[in-house]
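Two complexes, one shared chain (subunit A), two partners (subunit B, subunit C).
Coming up: the complex of A and B.
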């Protein structure tokens, strides 16, 4: 019982700190909005309509998917800073188990991702169309799975090194791998036509791509949903949570 | 490089010996500036992981992302066929990489501040104007050298091997990089916070790259006036389009944001103007401490 209380206490602290970083939030929202209202809007004007009929509407749910990564990575930045400045020593002497601390951090990252993503889900429902009642549980489940994956990945990546540059570079590289190896900016058929396997296959099973396709269905851009996408996302989520827990637990005491 | 006691002694000896005489003072300043440039250059050598990761990032951009985008282009709408667009994209993406890597000097400065190296440099017998200009030029040269493999990859992929174009492009890239290095040094030293630097540089990178002619020609941007004017004042647009003109004047002469002479003047003005601003900030506003 105490452990559960500790987990929520840690998550609550992380959520509180999230609200404190207003400048950071503004910067990140600006970045994601720039993708929708600058890149997608301008690039949509030069895209072949036979491949992507409405590029602006195609990209918007993808950005909602990518946004979870950006927000969940804020927890990564903080974990990285704590490792660099030895604040982990303070966290380790708190009267709670290490597992409770680590789970609390993952939960905090997930809640940050959910809150941050909400803006982009509302935006997607305005630009595309609102989800129907039967689509809402799938939408919610997808967001939970995606944000927990991203939060775990962020914590694992940011606690790898004590060096600020390496932390920032690892975060950037992970971001760009998820960014490029996803269907946020180009549909699968473009990749199928232009690239040999397994590239299109890898792109279509990345967590961001899976979630983006589910969101496209939820916001009625696609008329069908492949439920195996949801199952695969659940698999990604489980694997990344285990990775995040194990890495953070190990790096908490590593010197 | 470290500022050894020998170099410090040499500096103070030369200062006492040459306390008067403008020419001699200039030579001492030049020597100090070279030391600062050397400092920035040696930092690259110690960044093997950073170099490998940036190279990977670039490789994915010119292969997967660039090829996919060029395949999606409508020739009728933009006036460029997929091959021409790919070449257009390559020169744009080189500019984007150069910009991002130069902007990442902000992280180096933030780290130096956290480690107390900035305070150490301020305590050295080096004129602050020289310190400012040395760090800006050093950062610019280091970033340009860092991106040389990427630059030559672009030259090979674009199949453009003119020596004049290569020399002109590298000169323009160096000036651009010096300007951006000066800008990020000024920003980082003004805000004095590692976290704020991290956030600000990320946002600046994202917005400046998107609001430029890196991905789309200026004729497409003209459809949305605010974006067009933002791209017009954006240094990233000017370098990207200048490189396109250096390499393929015939292909891109109708697609650049303004005339080539204006773009060249803009790049020179950026390097000079921002360096002066950096000198002003370091000389008048920077004191040790206050890092958050």
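Coming up: the complex of A and C.
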């Protein structure tokens, strides 16, 4: 069997399992949707109107960005379970290269993220406005970069240890850092009023923030796009993919 | 005979624990080879090293000449393993799992559907095809694991305790399936701590204890390792011949008596039984019954491991 076919079969397995967890999926989507509405209602009345005139429209693309990593992290949950229960041994004896296996997992995570995100992109189209034709490739590219980097990160973090407590702690820390250090809920100007540098600067270059800003442009909240955001997101993505692949590969083969 | 597997000075350590200690042996193409040993003896570690899951700490394993260290990708194309603990998540369903496995090992989608159905039916799994894995009994889960290999039909098929937790009827079905797999050209490696299974299935057996190879050979050869392991039971017709009979039988081994029945403890009992009849009848002692009892693999295992423990 050639490597490309192996990669797609591994990804297909992960995607199928994602579909098997429909109830979990529905719950997660409902939670993220609740985030949109609750945050919009509460923060909409708190955040300065001169900085964020329509909070509902501001937060929706950010939640779409955040949702991506929630979904991508579901692959991490499964990878962690497979490592803990030695199910990974089965994958390791299949007639395919380790690299094909690892890339397949990453692709599976990425596809999960894209699928999951679809709901939120549609919601953003309704709440804000639909992307123009020339914005679609950027939207698509942003989603690919974000989901692939997040699934790589999730896979790497989940395969660090066979101990559930360590796995869960690392996942929580990563989740917290990405969640907290983002402009999903506040624009950079608000953060600059509240936090000393370099925190606002760091926040604005985190992958979630970069993707959120690009989505804001794609859904016409922002009127311009800073292409360096896209370049930085690509850089983040490359780094996280390499890190994720290398860590997963190392953790799979170190025994 | 062509070597399917060569294990050369294999050592596998996990921290301070030596799981496999300088193991060397060859497994030949087309044989059913058994690894026999108690839990924690190093059987599974050896199998997982052959299957490229573990890296040897030192030494090597070659599968059809390909080193597991340097040619893992090639080795994985030649082997298939049914794990001791079935490898699936609770949300997996047997049919989906096996269909995916079939496609990964090279079947087209349509062929995969046919072969999966056939194997599932042969193992009595078809009715469970759409159940979740967490709903299946231990034995049924085990059958799913075995089904993977029967679908894959690899050149080297590894079974790690294939019939543990399996009922008697299914056990026989699995043994038949494993034999059929061998007859169709696969080399079989079977790890077990069930002496009866090892004796019934394996042509050669390696007894492993505490990571080290303690004995290797055909079942018969292993049984001959037990001193005076065979028992030849001889019954004679007349009480007045008893004294002479004891004298003659003592020439073959240790003798115990119970009326007209005598027990001779020796090795290679089947060969010696004929000589015993000849010797008795030559002096006019009529033999009414003779029976050879071999030691079981339990006896062999106990003898070998005990002996080594005393070293």
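Assume the second predicted complex is superposed on the first by the 251 of 255 C-alpha atoms of A that agree within 3 Å, B and C clash if a C-alpha of one lies under 4 Å from a C-alpha of the other, contacts with A are read in each partner's own complex, and residues count from 1 in each chain.
Going forward, contacts are C-beta pairs under 8 Å (C-beta built on N, C-alpha and C of every residue); 3 or more make two chains touch, one makes a residue touch a chain.
Please read these numbers as outputs of a predicted model, since none were measured by experiment.
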item	value
Superposed partners subunit B and subunit C on subunit A - clash or fit	fit
Which of subunit B and subunit C A:96 touches, first, second, both or neither	second
Partner chain(s) touched by A:6 [first = subunit B, second = subunit C, both, neither]	second
First, second, both or neither for A:87, with subunit B first and subunit C second	second
Broader residue contact with subunit A after superposition on the shared chain, subunit B or subunit C	B
Superposition-derived angle with apex at the Cα centre of subunit A and sides reaching subunit B and subunit C, degrees in steps of 10	80
Partner chain(s) touched by A:19 [first = subunit B, second = subunit C, both, neither]	neither
Touching partner for A:253 - first (subunit B), second (subunit C), both, neither	second
Minimum distance between Cα atoms of subunit B and subunit C in the superposition (Å)	6
Shared contact residues on subunit A - subunit B and subunit C	81
For the subunit A and subunit C complex, residues of the former touching the latter	1, 6, 9, 12-13, 16-17, 20-21, 78, 81-82, 85-87, 89-90, 92-98, 253, 255
For the subunit A and subunit B complex, residues of the former touching the latter	23-24, 27-28, 30-31, 34-35, 38-39, 41-43, 45-49, 51-52, 77, 81, 164-166, 168-170, 172-173, 176-177, 180-181, 185-186, 190-191, 193-195, 199
Parts of subunit C lying in touch with subunit A, wherever the complex brings them together	48, 51-55, 72-73, 76-77, 79-81, 83, 85, 87-89, 91-92, 96, 100, 103-106
Of subunit B, residues touching subunit A in the complex	47, 49-50, 53-54, 56-57, 60-61, 64-65, 67-69, 71-74, 77-78, 104, 107-108, 110-111, 114, 194-196, 198-200, 202-203, 206-207, 210-211, 215-216, 220-221, 223-224, 227
